[in-house]
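Take a look at the structures listed below.
One chain, chain A, links the two complexes that follow: it is found with chain B in the first and with chain C in the second.
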Partner chain A sequence: MIDMAEARPLARAPNSPVRKAPRPSRSIAPQVIDIGVQVTVVAVIAGIWEFGARFGALNPFLLPPLSVVLERLWEDVLAGTALVDVGLTLYRALVGFVIAAIIGIPAGILMARSAVVRWFLDPLVSIGFPMPKIAFLPIFVLWFDIYDTSKIIMVAFSCFFPIVSATYAGTASLDKWPIWSARSFGAKERELLWEVYLPMAMPQIITGLQVALPVGMITTIVTEMLMGGRGVGGAMIMAGRFADSVGVFSGIVQIIILGFLVVKAVELLRRRILAWHPETRR
Partner chain B sequence: MSSTLDAPRSRGPGFSYTLISVLVRFSPVLLLALLWEALGLSGLISQQMLPGFGEIGSAFMSMLLNGDLLYNTARSVGRAATGLAGAIVVGVMLGLLMASFRSARLLFNPIVQIFYPMPKSALIPVVMIWLGLGDSSKILLIFLGCMLPVVVGTYNGARGVNPFLLWSAASLGASRFDVLREVVLPAAMPDILSGCRTALAFSFILMVSSEFVIATDGVGFLISSLGDGGQYPAMFAAIFFVAGIGFAADRTYAAFARRLLRWREA
Partner chain C sequence: MSATQLAATARRQAAHAPSGISVQDVSHTYGARGAGTLALDGINIDIEDGEFHCLLGPSGCGKSTLLYLIGGFIPVQSGQISTATGRVTAPGPDRSIVFQNFALFPWKTVRDNVLYGLKKAGFGPAERAERAQRYIDMVHLTGFENAYPSQLSGGMQQRAAIARTLAVDPGILLMDEPFGALDAQTRRVMQEELRAIWRNSRKTVVFVTHDVQEAVFLADRISIMSARPGRVQHVIDVNMPKDRDETILENPEFIQLSEHIWRLVREQAVAATRGAH
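And then the complex of A and B:
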């Protein structure tokens, strides 16, 4: 059987550390103090990075000053290369992810509803889920060459398993009462699917998507590093091979921003799609 | 057929019965393997692209006998285990600190928030610049990549502990450290363990991918050098072997975690 235990920490992480448990009464809103302190922490770290590297406490090759890194990033943005790289990386990650969702969600629902599909897919998914999918990359390179096709297929392959198992787990464990009452009101199977099964399984499905998306990003970066060419991963590994540490760190900054935006976007999407769900009102 | 999924195991689990039920459960895998073999034999897809299982098996045996496979696996697993162990020790401590002390939370939370969504494979060139091509760069990568899931899992688990348990322990005279060790740690254990499971999966991903990119030995290096040399049956054999190890590690860990949590009611 598929075990979704590993889906939990990632899924809960997005809404965890910051906005937990407002403390009981105090005159200034404690959140404001908390946010202020945390912004200060980030600023201090950035300051240590900048001045430590500048005044020789840290080796400027190993950790180039933040301002130099940002300057390089700005030049790349003006030259257009940064946007092309980030755009390509995002395109590969998202296309692979969407393909995995388009195949994985229906497959998971079918697994819950049809015994034949379950017989066929359950062992494949339970074997495939815990495997390090990235190891299969050379096979995809062999089959589909080194261009976008193999990268996107690799991303879709690694995103597929978390999505299908979350969808299956979500649709297999539905509460029977709403289904029975919908049936007794004369709903057809098709209506049941759209009006009952899907909405009830939606939180778990989105959790699966939230697990899959970072996996897809990790995979995209690795495929780009291995096959070279444009894309943030390719640019970073080139910079690394030429010992251009400023280029490497400018890539890191791009990826941090990209990862942050993508993860937050999915969180927002979750809150929108599940606006009706009790979890949103917590 | 599907009844095997939830079949009552009341018939004594004799060896032949278990064997048959495993075979039935995994028959789709066998079907796919047969399809693979048939496609290769029919000549629709070249043998280069889809080597038969006989070839893959003999390549596997020869790699096993000349020690290539075991040596590289030992190197890789050594790195992954070192990085992962460090990540779990540091991650659990950091998570508990963040859950128990507001100052630690304020200090580390912004760092976790910034680095948690970052795809960790992006750190490969950074560790390459810092530590070169040897073991230490990959160990650092695995350590950094695996730490955050453990920190977040521990933090969530430790913050979610029922406050009544904490209050009753304190009212019975437990010191702060006692409460941490006797109440918070066991209560947070399920979340810690599932964080560690994510970390285990990450450690394999990062191990293989860093060895693809920068390495002079290890299974990732073995796979990519076999692929570059056009020795495809051996490459397939090594890939299936690595995937099998990853699968076995996850299953072993899941069994271990279940054992550790036996004391919990359902």
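And then the complex of A and C:
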């Protein structure tokens, strides 16, 4: 009775007996073209930067050539200072982010499942979400000193809101049918949480995490800039004070690379966790 | 075996035994009491052990509501529904359901979907694996065990949902327009297969549909429901051969009965459209 044509061509089970159609030999995969164009755009911008600065079109103090910036970055990497700064920034951003996730995801689920929790948290989240969280920095410095603790709490505080909102929205609007299915097979309320609510809300939860992570990176850099000390933000402010524009741009390049890698890593994680989701197979 | 194990085994066996369903004076109101919409009004149906019973009626007649009440998904407001295991108060493994929109777990593969119900029903690991494969094979999804629902067509998803429900071997099978979303050919094949499965396993089936031909093809008895508020208007016995296939569609008796039922349903459908104005 089963007709193989019934299965959508791109949607094939890994062990499916359907044979893979041979790819036409001369066409280039669209992804390759995409990546090629993107790399070219970045290369052109880098080229304009480099040669614009080098041939005097731009003031080399205000905009030092890219090669000079990369050279400084390389020196700092060899000296170990760049790795310490990047490592510290990454550590603060990730620890804050993970704390926010550990508190925010259960809080969001509880908000969706319990009226009492919702009454309590909904006004706080509504007020807190649109507010610039960085305004709390002086308070956190006052409460938690000027070292790592206050920075990490600042990051966690910033990341909490997008995570709790996305989790709440995702869990509150669940389709009732899979829940009814699970109940008809005998799942108890407590089991439903892990077995149905969480996996069903996972796409929105991960979206919340993806919004929160760059927020965490930004908050880390800004707190470092405001509070000084080590870390990419602190190093850039220090370079700025010494009129070391190469150092400032080296910091910017570090942030770009760090942000790009972290965001890509989460995208990969999303594709892994949501392997079942239609979005994963485009 | 300990007493609790014995009790668990007894419960499991009770869940697999076919059972009649008694619906007595069931009424149901949606929305606020007093101001709400009366969806079901004084329903009385007695479904026998091993009967294939269709609830047939125009859309909005409350037939799905009645099925959800039997399933225990929504609480009974007035009247009583009982099966061999007692009064229905909540969903239970003795009454498994196939929904119109499949309701598979999208994050689980076909095999894991089927295994979920089996695990909940208390089957051991070896038996779980064996039964899952057997029912996946039965609905012709062999080779798609590791596919996610989103990778399958609608017909294949519904077959996976049916495999998941049948695998736990419920005594009572509730089906809410399960073939409504399928194309005509797939639908016909699924109807024949369901009829064959039912013939071989002797379950009590309550099947909701608005398709007259489907009801006559599948059922032993058909309850025709009125437009809102839903009442049982007629109960019709389908005295057709137990083994049915496509050839029955040309059987004069089948055609005559279908036309008779169609007229009865049409009255209700017309009443429903008038009621809407």
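As a working rule, the second predicted complex is superposed on the first by the 241 of 282 C-alpha atoms of A that agree within 3 Å, B and C clash if a C-alpha of one lies under 4 Å from a C-alpha of the other, contacts with A are read in each partner's own complex, and residues count from 1 in each chain.
By our rule, a residue touches a chain if its C-beta (ideal position, glycine included) is under 8 Å from a C-beta of that chain, and two chains touch if they have at least 3 such contacts.
Predicted model only: the values in this text are computed from it and were never measured.
Undergrad: Kindly classify A:178 by the partners it touches after superposition: chain B alone (first), chain C alone (second), both, or neither?
TA: Only chain C is touched by A:178; chain B is not.
Undergrad: Taking the superposition on A as described, I'd like to know which of chain B and chain C A:46 touches: first, second, both or neither.
TA: Neither partner.
Undergrad: When the two structures are laid over each other on chain A, which of chain B and chain C touches more residues of chain A?
TA: B
Undergrad: Check the residue A:269 against both partner chains and state whether it touches chain B (first), chain C (second), both, or neither.
TA: Neither partner.
Undergrad: In the overlaid three-chain picture, which partner chain does A:277 touch, first (chain B) or second (chain C), both, or neither?
TA: The answer is second: A:277 touches chain C but not chain B.
Undergrad: So chain A touches chain B in one structure and chain C in the other; where do those two contact lists coincide?
TA: Touching chain B in the first complex and chain C in the second, residues 1, 6, 8, 12-13, 16-17 of chain A appear in both lists.
Undergrad: In their shared complex, at which residues does chain B touch chain A?
TA: Per the stated touch rule, the residues are 1-2, 5, 25-29, 32, 48-49, 98, 105-107, 109-126, 128-130, 149, 152-153, 155-156, 159, 191, 193-195, 197-198, 201, 204-205, 207-209, 212-213, 219-220, 223-224, 227, 232, 235-236, 239, 242-244, 246-247, 249-251, 254, 257.
Undergrad: If you look only at chain A, which of its residues touch chain C in the complex?
TA: Going by the criterion above, the answer is residues 1-2, 6-8, 11-17, 177-178, 180-187, 195-196, 199-200, 202, 275-278, 281.
Undergrad: Mind listing the chain A positions that touch chain B in their complex?
TA: Contact set of chain A toward chain B: 1, 3, 5-6, 8-10, 12-13, 16-18, 20-21, 34, 37-39, 41-42, 45, 61-62, 115-116, 118-124, 127, 130-139, 141-143, 214, 217-222, 225-226, 232-233, 236-237, 239-240, 243, 245, 248-249, 251-252, 255-256, 259-260, 262-264.
Undergrad: Provide the residue numbers of chain C that touch chain A in the complex, in ascending order.
TA: Answer in residue numbers: 71, 73, 90-93, 95-97, 99, 101-110, 116-117, 120-121, 140-141, 143-153, 155-156, 168, 189, 193.
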